[in-house]
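In what comes next, chain A is part of two complexes: it sits with chain B in the first one and with chain C in the second one.
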Partner chain A sequence: MKKADFILIAILLTLTLSITFLFHINRNKENMIAKVYNNGELVYTFTDLNKEEIFTTKGVNGDVVIETKDGKVRIKEETSPLNICSKQGWTDSTSKPLICLPNKVVVEIVGKDKDDIDAIA
Partner chain B sequence: MDTKKMARLSALLSLSIVLGRVESLIPTIPIPGVKLGLASVVTLIILYVYGPKEAFMILLLRIILVSILFGKLLSFSFFLSLSGGLLAFLFMLIAKKSKIFSIYGVSVCGAVGHSIGQIIAAIFLLSTFSLLYYLPVMVFLSIFTGLLTALVSQKVKTVIEE
Partner chain C sequence: MKKMLFICSFVLILLVFTACGAETPKEYRKNFSSMDTQIFVKIYDTKKADDILLEVVQIYEKFNNLTDKYKDYDTNGVYDINANAGIAPVQVEMDLIELLKNSIKYAELTNNEFNPAIGAVTTIWHEYRENCLTNNICSLPTDFELNEAKNLTNISDIVINEDEKTVFLAKEGMSLDLGGIAKGYTTQKVAEYLYNNNFENFIINAGGNVTTGKHPENRPWRVGLTDPDNIGNYFEVVEVLKKSVVSSGDYQRYYEYEGQKYHHIIDNKTQKPLNLYKGVSVVCDDSSIADILSTSLFNISIDEGKELLNKFEGEFEVYWYKANSEMIKYEKS
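Up next is the complex of A and B:
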């Protein structure tokens, strides 16, 4: 192998790894949406989790206040016996939905382009 | 073209057809028809032993024959192979002509070209730019397939040239 070979491989490695890394960061923050389900029905979709936004829906025991900020989402206020879902705090993961069982309200995060990839695969 | 050369090119062509078929069974990323580029080992050998004209001929024959043999002529994977194969050939030729790379560098260039060519074809065929997301992953993988094909080509090349 010549010196140019090593340089080429080094450049390619750094380039691909750094781009993959950047994609990974951007993907988590920008390609996520949060869906709010009330009694099993989709009532609202937060299209940009980075935007500060508040949505209120009427649950079984009273109003459920949902807030988004900095790529995360939380239940700000709700009325329930144990307040489990407001104590759960912020979530930014697709695998950690916010579930308010007494109020029958669910907030889940999904990837925006998830359907594209599924359609190809 | 003398008989010895013809026989060798035919043997290499059949080898590349088998490789092309085998590698289509290896899944890489969730775009159907995208290949790693192992069959380009033959293109590389011919490029070094005989020259660009022969390499280009065998490459085109391989892509068309694989499509006919496995019932995929003018299908999605045919265009992916064609685009990937041609760009890989172009990249290898330029890298070889520049004379700054050894067979390893030339092979890596070819493998990278193969990935880019396939992604370009897939973007046109599926008309979605979101496929660009896969490009870094594919180029990363192709560095290693490029090195592997160079290693194999190097060994075969010395045997043929003896």
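Up next is the complex of A and C:
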């Protein structure tokens, strides 16, 4: 076997290995996004939870202000009895959607999270 | 040399194939509002699940309309039965009769801790809660009011005529309240519908009622139990497969008056919410049983609860989160 053959094999192997590697990385790091539903309709999608961003949608009782920051999302301001919507605080987990029934607003996180819980009862 | 190259290409092809994982089940999601809560359904399958998801929504909508006591719908349901209490029998769909028969059976098994005829009492508490939460006028129902209502909560006054497909509430002012079973019962129906249509991998979260099928990765589902002291977090994780996990808690619907919490799980003996526990979670095979048990266990002692569990067949796991935040776990097989 010539030296060139070895080089060829080495190149081929590294190439596929890196491709496979990248492929796997991409699959596992499916970006986390947050979908905002108002009265059942998808009204906005936060595509990067790390970005500082504010989205406001009109709920039943008034404006519902939703904020993303540091990979998390929360309902920042809203009007509801006992403020049960904003009281839920920040979430970064697919098993912890923000549910604001009085305003008919829901924020659902989609993607792969680090949380190993599938749901909360 | 040729041989070497051949082996290499073989390895390469193998790598590419394993990377793609040709037949991994895809996730199909739907979230919608029904039965006074937000319902999240996830189905995993290699075949498309878009249509079955729409059918799932329809099943919830159907039972929502049949069991809603506050709103009138085209089809006759609990609302119409209540409106005709003491007046006339109401013809309803067989599905509602089945649900009512099950409810009465569970009422007998739980010694009325679960009582589908408790509507007259829960309506009073509902009005006081709404008045406090929306108008900021907070007070408590009087003992007189609650006592009057108590006389209207006998399950023997629910008259079902299966031949005529009618339901009649014998006393005026009586009212059905299926809040303690409707969600669990419907979720059980949905789970059975999914199995029957060969969708085995799924998880449903209907506001504290989690029902699971198989997991697409062949492992158990991990379900957190809501920490009543820190909503949104969990105090325990249970691993389940083809089971339901239902939590009832004082944190779900309540109002506060003079520093005391008044929640929505009304005790049938006293017509009042008790504060023995902040939360009770039940794990078992059937979502409707998990539902009625989590509410029934909420208002009796742990010993009475264990006795009650003995009346039911099958495996149960119960988690009591006591008023002093102590957790008690019990398994029955």
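Some points to look at:
We adopt the following convention: the second predicted complex is superposed on the first by the 81 of 121 C-alpha atoms of A that agree within 3 Å, B and C clash if a C-alpha of one lies under 4 Å from a C-alpha of the other, contacts with A are read in each partner's own complex, and residues count from 1 in each chain.
Keep in mind that, in the parts below, a contact is a pair of C-beta atoms (placed from the backbone, for glycine too) under 8 Å apart; a residue touches a chain by one contact, two chains touch by 3 or more.
No experiment lies behind these values; they were computed from the predicted model shown.
In the superposed model, A:44 makes contact with neither chain B nor chain C. In the superposition on chain A, contact of A:88 is made with chain C only, not with chain B.
In the superposition on chain A, contact of A:4 is made with chain B only, not with chain C. When the two complexes are overlaid on their common chain A, residue A:17 makes contact with chain B and with chain C alike.
Shared interface residues of chain A (contacting chain B in one complex, chain C in the other): 1-2, 5, 8-9, 12-13, 16-17, 19-20, 23, 116-117, 120-121. Within the complex formed with chain A, the residues of chain C that make contact are 1, 4-5, 8, 11-12, 15-16, 18-20, 29, 31-33, 36-38, 40, 133-134, 203, 205, 207-210, 212, 221-226, 231-232, 234, 237, 245-247, 281. In the complex of the two chains, the chain B residues touching chain A come out as 30-32, 100-102, 104-105, 108-109, 112, 126, 128, 130-131, 133, 136-137, 139-140, 143, 147.
Chain A makes touch with chain B in their complex at residues 1-2, 4-5, 8-9, 12-13, 15-17, 19-20, 23, 113, 116-117, 120-121.
Partner chain C is touched in their complex by these residues of chain A: 1-2, 5, 8-9, 12-13, 16-17, 19-20, 23-24, 37, 40, 81-82, 87-89, 91, 95-97, 99, 101, 104, 106, 108, 110, 116-121.
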